[in-house]
Amino acid sequence: MVKVYVNDKEVEVGEGSYIIDAVIKAGYSVPTLCFFKGIYREASCRICIVELGNGRLVPACAYPVSEGLRVYTNTERVRRNRRVILELILASHKIKCQSCPRKGGFCQLLDLAREYGVEGIPVCAECPLHGNECLLVRGEPCLGPITIAGCGSPCTREGTICIGCRGPITRRDVLVEAARLYKEHKIPLEEVFSKMKLFWNNHPSLDKIYNILLETYNGGEKK
Amino acid sequence: MSYLELSERIDKVFGHLELRLSLRNGSVDAKFRVVHDMRLIEAVIEGRKVDEAPIIASRICGACSIAHFLASITAIENALGVELPDDIILLKESMNKIQVAQNNVVHLFFLALPDYYNARTLSELLSRNPDLIKVGFKLNNLCLQVVELLAGRIVNPNTYRIGGFTKKPSKDKVEKAVRILGEAEKLAREVVDHVTRLELPELVDPSPVYLVSESPIGYLSIGDYILSSTGEKFRAVDYPKYISEEVVDYSNSKVYRYNGRVFYVGSRARVLEYGERLVGLEDYVSSIVKELNNPYANIKAKALEILATIMDVKEKLDELKDRDLRLRTEYTIRSGEGVGVLEAPRGLLIHHYRVDSEGRVVYANIITPTAMNALHIEHSAMTLGKKIVEGELDVVEAKKYLSMLVRAYDPCLPCAVHVVVKQ
Amino acid sequence: MVNQTVVNVVSSIVARYRGERRYLMRMLQEIQSRYGYLPRRALEELAKLTGIPLSEVLNVATFYHQFKLEPPGYYIILVCMGTACHLKGNLDNYEAMKRFLGLGKYENTAKDGTVSVEKARCFGACSLAPVVMVISRDGKERYLHGHVTIRDARRIVAKYRSLALKKIKGGGS
Amino acid sequence: MTWTLMDKCCNRCWHSPEYPCRHYIRCRLSGPLCHEDVECRVRRSRRLKEIRYGRHGFKINVPLASCTIAAGAHEVYEAVVKEVKSRGILADIHRTGCMGMCYIDPWIELSKKGMPSAIYANVKPSDVPRIIKEYLEGDVSSAFALRNRTGNAKGEDKVPLLDELEPWRNQVRWVSRNCGIVDPESIEEYIALGGYRGLDRALNMRPEEVIEEIRKSGLRGRGGAGFPTWLKWKIAREQPGDVKYIIMNADEGDPGAFMNRLLAESDPHRVLEGMIIAAYAIGASKGFIFVRAEKPLMAERLSKAVEQARKYGLLGDNILGRGFSFDVEVILSAGAFVCGEETALIAAIEGRTRPRQRPPYPATRGLWGKPTIINNVETLAHVATIMAEGWEKFAKYGTEKTKGTKMFCVTGSVKRTGAYEVPVGTTIEKLVVEIAGGPPEGRKIKAVQIGGPSGGCVPASLLSTPIDYETLQKAGAIMGSGGIVVIDDHSCMVDVAKFFTSFTVAESCGKCFPCRIGMKILYDILEKITNGEGSEEDLEVLEELGNVIRSSSLCALGGTAPNPVLSTLRYFKDEYLAHVRSKRCPAKVCTKLVEYWINPDKCTGCGTCARNCPSKAISGELGKPHVIDKSKCIHCGQCYIVCPVGAVEKR
């Protein structure tokens, strides 16, 4: 058995264990994305990084424990790094929450984004399909595809459109995808714009968002 | 004493407000100064689509967003000529009522009651009288749960749109609401027992005129008429003929007169008007009704309303739960004018819109209860001032009574200051 | 018929290395030295013969810079992108060459298949920066040009192009 | 066929790879040891002399390494052969490696008995007849340097001695001692110059003693990280199990660093010797030389060295009769910068890709799960030399924490490009200014980039920093493999940072997020800044992102990749600010931020610029000064490049 200190709490784990085992045993948790116990220990997503006593950041899922190891799971540095990594992951993530099987709040990425305050995932990710028809399919100008998630989508759950009270996502690919959806469901962009003005009227990127939506919406038409 | 100016920033109200009482050579003047920043919601609404107006209107105030939302949507429904089935109206009213109950709980426990226990703050009261306040917390929580079940979320309802509800509330939901309300009813009874026995400062209402929206049946329903204590009854759309508005330079809020007279709105008015309809609560009503010409008595009326609305909503929901409801009607956009009148927690609330043929709001006017009460508060304060002049009241005590007086009206300043000077 | 020879070539290479996983890179290198690039067919055959999944073969084939999946020109002009060469302007040379050949952003090989222009990693001849190396497809010829200027760049392209044309024709007849 | 040192002196000698003799190495030089025979002894000493001075008393050294070949050494070699043949003189034309002074490539060295050895610099094939003629006539006045003075030749006093030359004088040639002297393809010459003595000595010791010797010498890995070599060996030695591996990392990928190539091409046997010693110390039975396919000569020479060593029983079973068996396989790397990372290198040998998380370190779990030691070429060369010479001589040099010497490749804006070996702790200034001669006239050093694409830029103000692992790290750079690029005031630091970032973006293996996407975003931001679209917030993002990539990447490549950006941001913030605030590139490098104009006084009106302008922004009549239309100019800089008279100027 090896003695490990997780957030200064002593815990004993078997030899050959990894930090993540000790952390869980000590009653703490670290977020993981690419780690599946017994299947993957790739350590490629880096979201599970923890700080060691010597100040190094190491992935909890693939770093073996050693006697007297000190692990801190939630220091400011760890959180900051996790946030940036999350931003990077999202930067390369194809955000098509509309058709994602993890739609309806079952998205780990969304949970992390919410916890670490990273924008990028739209309200659609939280909007459950169960028993509800997508409002876009009904032809309503829902702002779900372009609004930052994190509210739990109370409005769409109740069958009213999302009006974007959490602010817009300014990422181009998300907007392009949204414009595609609006076009697919034949929702006039003017109505969407009108809804956007409710809460985003002074948003510094409003013009940019307009332009991207318009461009994609009209660009597809010519083809 | 020739000159005295009491300027009191009132705490424990929603928003920022100053009451200035000046006593000069025997004459008394009071100014109800709303110093809350202007919010200009009417200007925001103008030019918007009809379905967006209620969304904006509900953001006027987080405390009574449902009232604003429903008043706004009713005004638009009236403008568009939407005929609503009874089921919708029933649920709509329940939504409003339960918020009135919840709002009254907040006002009573967290704003008004500390005064009566000589506590400056809520936390002081909490340390001194934890059992009482815990009841308040619990009751508030229960009411909020029902609000959430009916309105989708605690603030800014999202279950209702022009023409009806988006979704039928499931049987589970309704049953749960009924269960919660049953629990709340017990607590509310305790509260009413307690509050009706409170000793109030003495003050005679200087202008006992009130306005209240007409409820054809029951209590606190949404009607098309406005009633006054003088017995006059007029259509809501005709309100400009009866209620005159006036801009004052010292306040960010407008002031209103009814036929040139100072009037008040709120729980006191509602209990006076509809008290006899409260079945099962006759004892409470008769115990407080003689006190109701005292503005301070507003808190007793509010306490009574908590119980009354909870019972009412519970009964209505219980009745609804096994029925097949019709909760949606279709509507078409057309031009028109509509006024929505309902009883918000603080009293009569009027939303007035004009809609053009493309479905845009071209004119919006919102009259909030606090703004209507402003003059009445001034007059009550002046009565209090006269007492000081006459030496009946110590100046130090007067300060306390002044803030208690204002709090009894429960003014909500964010609601009041959206008002914009027209022309 | 052509595929049959590919099978022969690959199977003889695989046999030489007993199809062991550790020689995957070596086998790919041999295939590449035989064809000048890695034909898809050969990779498929390799995967079949060795039992290594095709995805793994492609993983290795696409990961390392040496392997090409498209046939290169007869001569491959490698423009060094080392630090010293960069500072001395080899990027300009590279672009001049591409423009001279009329190649687009993602094209590397001239349409007539004579020369390819590619960015390459440091050759370790930094003293001669900027450096351009020219190798023939079969790896037998190897020329290095140092202190290359824009004018040299064009001259180099023109020279190897005509050389390649000659060889291709000579080989064909 | 002439008799060589490696051959049997007579039939009494019984050494063969199958039945090795313990004293084989010592026997070569001071033999025969197993029997007393004057003839055999004389034969040996005669052969040694031949090697030293040439068979006919006249020896012409022509260096044939990649760099000299690139500079035209092959042609020079052919010219020498032709000249010697046509003159009918008896001379040994001797191929050597490169001696590291790249700025004089290609050079030849002529040495004749009784004459001073003369080195001629920057030789063209057409110069060869003249040089040989002059030398034979006893005139060395046109030589570049002399190795010694005999007083017999004309012009001797005018030509400096090699030892007097600044780049030579300040060097301590420890591992590179044979470079440029020995024939890299001949094991005989290497042994004649004292080679494989270290191996002989090591095999006489117990492996623990070898590790102890290295510990005392204070040798640290020369690959970049500076991990103590002995400790690595000790860890691997103490691992249970019989099968252990050693890998020589000859996959030099740093742009601007070529000391490993130089060593392996010029003195491959030294490197191999070091590897065998290391294998003995840790108990490895099999070794791999991982060498880049893009550096064919290096691979060829290393393979040849392995073959020769095997032929004479220095590799294989029962090496030198000591009961130690070891064999080496040369593996051609297909080229990926990340293979410099230990775990990625192992993956490459196993036929896979990409690094993995450490620990477990390769010393405990490496190639095919077995303990594996990975040493850099230079480290192994040091090992061989230390074992031959003893640790005391090595530990004499260097600083408290880092002993010995290190080779540095100085490139970029210096007069004397080359690979120089100096004691660790030498100041940057000495290396760059004294040895390499500093930047060309009229330019100033702006920064020195140390450690390749994952190193950092040290500004001119910190030139007095001694080069060792710790101080460099403090200054924001790393020692890396020892590539030093001198950047002068004609270069833009943002552009330099962008260049290095583009390198790491292209070389990132793509396994972990911080490196794969983070570096791409860093690059995009730098691109934005150099295009004049950056804002000051971008600089903050650069810094934050850089720090995150540094601390949370999976392998060392990602962990050091943001260094160029972070170090330039640290020392050259004003340049970044000039780019983002006033949209100006102070060094006039970022083409989007400079304005091109044609100086009418210089323009001859040839029209080259107008023909090359992709946006047709240049107009003018032939023979008259041309003008650039600013509204059409796309700042591609073509006109600047093509103008034959330099009339296009930047402002």
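Going by the order they are written in, the chains are A, B, C and D; count residues from 1 in each one.
By our rule, a residue touches a chain if its C-beta (ideal position, glycine included) is under 8 Å from a C-beta of that chain, and two chains touch if they have at least 3 such contacts.
Small disclaimer: the values here were computed from a predicted structure and weren't measured.
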Selected interface, A-B versus A-D, where C-beta contact pairs are more numerous: A-D
Distance from subunit D to subunit A - Cα centre to Cα centre, in angstrom: 46
Centroid spacing, where centroids are CA-atom means, of subunit A and subunit B in whole angstrom: 41
Where subunit B and subunit C are represented by their mean Cα positions, the distance between them in whole Å: 81
Mean-CA-position distance for subunit D and subunit B (Å): 84
Where subunit D touches two or more other chains at once, by residue number: none
Junction residues of subunit A - those touching two or more other chains: none
Residue list for subunit C, restricted to those that touch at least two other chains: none
Graph class of chain-chain contacts, one of line, ring, star, complete, other: line
Pairwise chain contacts under the document criterion: A-B, A-D, C-D
For the subunit A and subunit D complex, residues of the former touching the latter: 41-46, 49, 56-57, 59, 62-64, 77, 80-81, 84-85, 88-89, 91-92
Residue numbers on subunit D that touch subunit A, as the complex places them: 356-357, 359-360, 511-514, 516-518, 521, 544-545, 548, 551-554
Contacting residues of subunit B [partner subunit A, same complex]: 48-49, 52, 55-56, 152-153, 158-159, 161, 166-167
Subunit C contact footprint on subunit D (complex, rising order): 66-67, 69-71, 102-103, 105, 252-258, 261-262, 293-296, 331-337, 348-354, 409, 411-413, 417-418, 449, 452-453, 483, 485, 487, 491, 496, 499-500, 503, 509, 637, 641-642
Footprint of subunit B on subunit A - complex, ascending: 154-155, 157-160, 163, 194-195, 198
